[in-house]
Amino acid sequence: MSTLPIWQFDVLLLVLVVLFAVVALSIRNLMGAAIVFGAYSFMMCLIWAGMGAVDVAFTEAAVGAGVSTVFVVSTLYNTSATMRSRPGGLAFKLFIGVVVTIAGAFLLSALPDFPKWGASDSPVNAKVAPYYILNTIADTHVPNVVTSVLADYRGFDTLLETTVVFIACIAIYSILRVDKAKLETGEPAAAPVPRYDPGDSLIVRQASRFMVPFMQLFALYVIAHGHYSPGGGFQGGVILGASLILLAISFDLKFLLRQWSEKTLMLLVAAGVFLYAAVGLACVFMGGNYLDYSFLDSVLPGERDMARSHGILLVEIGVGITVMFSMIAIHINLASNGRFDRGL
Amino acid sequence: MEKLIANFNYVIVVILMMIGLWAMLAQKNLIKKCIGMAIFQTGIILFFISIGAKNEAKVPILSKSVVENSSAIIVNDYGNPLTQILMLTAIVVGVATLGVGLALAQKIYQQHSSFDEDEILENQRK
Amino acid sequence: MTVQLPIVIILGPLLGAVLAAFTGWFRPRLSHPLVVIGLAISFAAALKLVFIVADAGAQKYWLGGWGPKQGHGVVGIQITVDYLNTLLLAAVSGIALLTSVYTRRLVDTELAGRQRYFYALFSLLVTGLLGITITGDIFNLYVFMEIAALSSYALIAYGRGRAYMAAFNYLIMGTMGACLYLLGVGFIFAKSGTLNIDDVSAIIPALRQSQALFVGFVLILLGAWAKMAFFPFHGWLPNAYAHAPTASAAILAPLATKVAVYTMLRIMFTVYSIDYIIHSPGIQSLALYLSSLAIVIASFFSLTQTNLKKLASYFVLSEIGYMVGGAWLANKPGLTGAMVHVVADAAMTSALFMAIGCIVYRLGQAQLDDLKGVFFKMPVTMAAFVVTMAALIGVPPTCGFFSKWYLIQGAAQAGVWHFIAALLLSSLVKAIILFRIIEIGYNRVPHPAIEGNPAIPRNEAPLSMLIPTVAMSLGLIALGLATNTLVNTIIANAVPTALTQ
Amino acid sequence: MDTIHSFTPVWVILTSSVAALLIALLGRWPNLRESCIFAAAAIKLGLLLSLAPAVLDGKLYEFEVMELLPNVGLAFKVDALGLLFALVSVSLWIPTTIFSMGFLRPLKRHAQTRFFFFFAIAISSAVGVAFSANLLTLFIFYEALSLSTYPLVTHHQDDDAIKGGRKYLTYLLGTSIALALPAMIIVYQQTGSLDFANGGVFADGTSTTLLVVLLVMFLFGFAKAALMPFHAWLPGAMVAPAPVSALLHAVAVVKVGVFSIIRVLTGIFGVDLLANTPSLSTIVCVLAGFTLIVASLIALTQDNIKSRLAYSTIGQLSYIILGVGLATKSGIAGATLHIPMHAFGKITLFLCAGAIYQACGAKCISQMHGIGRKIPLTMTAFFIGSLCVIGLPPTGGFVSKWYLLTGSLNSGQQWAFAVFLTSSLLNAAYFLPFVYKAFFSSPSDEAKWESAKEPPLLTVVPVLITAMGCVLLFFFSGKLYQFADKFVELYVSK
């Protein structure tokens, strides 16, 4: 592990990140902006990996860089990638610029008051965090402290996080989905026919058909092995989702919808959250507080700490299901502008 | 010099946030606003992570040897897990908001065939 | 079993929503009753907790069994029901229950064919709002804020035409608010090391002079102000509530802003104690001027509106000025007034939007000058409307009067005369609007009882909408008469003890 | 001064509200509806008289319904002043109902049920104000009265009725919310209680500027007392039908305004605080005196009989305020006496105006020359009523003005004596010439004069009853003085 701070390497990365951010926002061509934004997220993963936050880097790579770029690109696919910049409005931009710089100065005024960067005795690293590191084996028998804190100590946060993903999915569904009635009446497709059609380039199709099984295998490993190595429900779920999105992009949407109908997708999105909430509820029926897996020891194998570890695994599976299918559903909606016929 | 390096992370965090905030408020293009929003959120995530970073700290996964006798765990060897899981939530929330924003932008484009806020306002007023 | 009540308040709507999402595909008729049952369970739990808290004090509940650990403080996530939030919990779940019954017919007509996920989102919004009110963990509050925000964007986007742009603006402002709040939490976390509200409030007094905590406080304040559409950030609210479908406005308007005000109260008085507020006079006078400005400008704009829904949204804006001003008076009557007004205003706005919903349901639109003869067409709805407007004006027996009483008393005690003038001005403006509506609806049409004048057919709203509206408007009077007992038993000990007079 | 804890005051208020409900139900049977009003009025009068003996020898009836704010509740306390005012308004309710039966029915006015419904509610809120034990209960019933009289003022629902109603509400609701409410809250915040205590509520340390500000806010806050700048709603409210302007704008509504000011001056500020802080009593007297003179002068110029009577009412109200402002025993006694005297006198005049309109359709005085010969009964009642308002011997008005004059003599404000005299002369100036012309000069409008005939019995009888009441008051003024004396003994120490 590199000792911090080799400041030359970090400074370079941080400056690059700021550069990418500025470029992403000033490029005229929106597609270009999306790509630079993807690069910006990748740089972010590097910085976080450099700082020891491996799980976060993994999630950012899968969710931040991977899937959001696909979302932005599929939105642009359905609309127009060129940005007609209108003259004028400079005064307003300057005014906002001034307001923002004042806010920035105000934030920086708190700088000297912060604990030294990287100090291991700062309140954040000394108050609550040590308990997790010291007691994770005794409590949950899960070496990867992040997974144990994620799914058990602060399990309620993760349940709500999964609910956020679930809401995003049904929100986008209810915004974009064009109900069948309008579809049959042959309403003229408002969006212009996209200029370039991905077509069926043989190389892309064969390569993706070859890659998808390995991706899914790796994703299942990530979910199952979340106890011992970086990874977990989110990352695994996103990779599974990404594998199916890869199929949808390389072939066409119909190909994916033949295997996974719209109804099963949306039901499974709800099923994941239901599984998570039901596990919590089971703990209540067993006499403990909500999401207290140790009370499931009569149901799950092993005594109390193993029960917690199995409880965490169950919950991770629930998260994985929801995240996977909501990523797919969101992609389909965004790509096909709610018509579920042909998309990116 | 030492002081500047030590707090370099925070300066970058503030710069990133201000770029994001500026984009959200000043940019007229809806997609640029969404990208600005994502940048603003990643800025905050960088802030949280840089609080929890520890010098010479390993990834917070307890090695095989320590799993047997849990008394040998030295807290300062391992990174801070708490800030990391907070940021897992923040990233996922960021993506969710981005998705909803893009869906709305798409629907607005379908109505006004333009992403530019001023054109949309004129169109609405007609 | 009663020890599990706090989590039942959240689980009711959450599981209701997930099940409603399932049945959305098999038997869509079933998702509405499921959500109503979920909300009923939650309301029953919240009501029971009001009585438990009234005599036994704050109830703490640790999720996953992870309570306070020696030397580390609370390790897991804690949810607390104490004097400050128990009333709001009962109010939010009660109003949500009534509104869910009320919106049945509205959803069938306005969102025909697109309502598969409406009730799931409705229930998730209520989960988010109840979560913000009940949680005892500042990061958990952020996650609940996002749940409430995302479902409200979707609910607004159900509207036609300009609703999408309004929802997009709301999304940008809402995310900016949530991010500012998260950054504020980050600053507090950096200085205190823990996320649990009780532990943080124990640490903060020792770090009074720290600039980071001050910046964190300002950030959270700006975040809360953006979420509640307080004066400088109020641009998105009128469009959002006016162009949203009436059913969404009926659930969003009464609750979303009040819960954001609660967040500000919780951070101001529980996390940062009262003497932190008193020692930051710069913000106090700024907040008071801004709240007076908010009340005056919102009242002025409401005079110029011709659409009922836009009119009601400007009322919501001016009511926020009441609450923020009351909280920032930082004395006992002012704070009591703010807390009473949070609950009272939720009920008043809900009754107002329900009455407007009935009018929109029957007359198809809500333009003011097309309301001729509405008092004869819909006598019961308009009676409820007059009672609600009387409450907003502050006519004695209703709850609006008592909260205004405490606010003016607090302002008089603090010597903040511009706030009193703003309060009275907004009551007068609302009185003018009420009597303008009475003139249009009642006087300007030839009285049907006189022979020779055309008889006006009765066209009352359906029973399933009428009963909640009338119940809510009568509830305003009941709440008014009960204010005194509520203040003595619950709100008096929610006010920080440092405030003597 | 011991207090009797009993529910009767609440019964008194509730009877007319219950009557209102019955009226609403019996909409379709007018006779049944009217009889139910008479029954309610009779019961109310009976209950009030049952309270009279105990109140006359110093006991107070008290009842607290519920606590609305820390140590301020919805509470009733019946003392001499309250009982007197309630007796006056209820006893005059009966003749007015008879009159409105006679007046409204033949004109086949619409929505009579609504009319009588809100009439009954107005009466119950007026009695509520009379019995309130603290300023908050008084404010609640004050607002209820404003809101319940709005439909009565806009009864005809034509354009000028709407305009009159709009002016009526902007003045009454506007001033009560903008001035009376904050003043009341500041008093509560300063002293912690709103009960009408006989020594006044303020601790003696309070700064006089605050007292002056609060006094002005109260004087103008209770705009029903029609002090000068905020008097315009009274002439505006003359668009209402005759019975409304008779009972409400002569007795119930305006007297509530004056009654609240008396309560504030004696119960909140305290008479001795008024007496020995010269700035407070001069403000009251100057405002009242100014209103007195200017209103009487304007009344001279008014051709429409109802607006002339309206301006005369504004003047007479300021009599009462000036009487209390003098802060002397006989001044306050005179003011208390003037409430019933003026009530009976002015209601007779308003009812006569209604009767004349019904008889010959004339609204302006210039059209009414010589009709005395055609409708002698109404005009004699009008004459007696005007005597009572001017304050000449055979009628009760004389007694109250007598006490007011003696009060002004031994008070600090000697000039009040001159003000009282000049305004009485002005009263005579705008009433007697009209009465003279009505009887003796030749008719100015032939057509109207020919068609004029005595109005139906139902409208003439109540007018005669009230006129006879004025005369009776003169002879039984001793009984009324007992009320005034008891009230003065309670609130005035020196």
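In order of appearance the chains are A, B, C and D, and numbering begins at 1 in each one.
The criterion applied here is as follows: a contact is a pair of C-beta atoms (placed from the backbone, for glycine too) under 8 Å apart; a residue touches a chain by one contact, two chains touch by 3 or more.
Keep in mind the model is a prediction, meaning the values are calculated, not measured.
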- Touching subunit A and subunit D alike: which chains? C
- Task: Pick out whichever of the two, A-B or A-C, is joined by more C-beta pairs in contact.
- Result: A-B
- Note on the structure: Farthest chain from subunit D by C-alpha centroid distance is chain A
- Message: Please identify the chain lying most centrally, where each chain is represented by the average of its Cα atoms.
- Response: C
- Query: Any idea how many Å lie between the Cα centroids of subunit A and subunit C?
  - Reply: 31
- Message: Counting only Cα atoms for the centres, state how far subunit A is from subunit B in Å.
- Response: 12
- When centres are defined as mean Cα positions, the distance from subunit B to subunit D in whole Å is 71
- Rounded Å distance between subunit B and subunit C, as computed from the means of their C-alpha atoms: 29
- Message: At least two partner chains per residue is the criterion; list those residues in subunit A.
- Response: 107, 114, 122, 124-125, 128, 130, 132, 154, 157, 160-161, 164, 167-168, 171, 175
- Going by residue number, subunit C touches two or more other chains at 139, 143, 146, 150, 153-154, 157, 164, 183, 189-190
- Message: Can you list every residue of subunit B that touches 2 or more other chains, as numbers and ranges?
- Response: 17, 21, 25, 51, 86, 89, 93, 96-97, 100, 104-105, 107, 111
- Message: Going by the touch rule set out above, what shape does the chain contact graph take here: line, ring, star, complete or other?
- Response: other
- Query: According to the definition of touch, which chains form touching pairs?
  - Reply: A-B, A-C, B-C, C-D
- Query: In the complex of these two chains, what residues of subunit C are touching subunit A?
  - Reply: 4, 7, 11, 14-15, 18-19, 21-22, 25, 61-66, 69, 72-73, 75-77, 113-114, 116-118, 120-121, 124, 127, 131, 139-140, 143-144, 146-147, 150-151, 153-154, 157-158, 164, 183, 187, 189-195, 210-212, 214-216, 218
- subunit D - residues contacting subunit C, complex: 66-70, 110-111, 136, 139-140, 143-144, 147, 154, 157, 161-162, 165-166, 169-170, 173-174, 177-178, 181-182, 185-186, 188-189
- Item | Contact set on subunit B toward subunit A in their complex | 5-12, 14-23, 25-29, 31-32, 34-36, 38-39, 42, 45-46, 49-63, 66-67, 70, 73, 75-76, 78-89, 91-100, 102-107, 109-111, 113-116, 118-119
- Mind pulling up the subunit A residues that touch subunit B in the complex? 1, 3-5, 7, 10-11, 14, 17-18, 21-22, 24-25, 30, 33-34, 37, 40-41, 44, 47-48, 51-56, 59-60, 63-64, 67-68, 71-72, 75-76, 78-80, 83-86, 89, 92-93, 96-97, 99-101, 103-104, 107-108, 111, 114, 116-120, 122, 124-125, 128-130, 132-134, 136-138, 143-146, 149-150, 154, 157-158, 160-161, 164-165, 167-168, 171-172, 175-176, 190-191, 228-230, 234, 323, 330, 333-334, 337
- Item | Partner subunit D, residues of subunit C touching it in the complex | 333, 390, 393-397, 402, 405, 408-409, 412-413, 420, 424, 427-428, 431-432, 435, 439, 443-444, 447, 449-450, 481, 483-484, 487-488
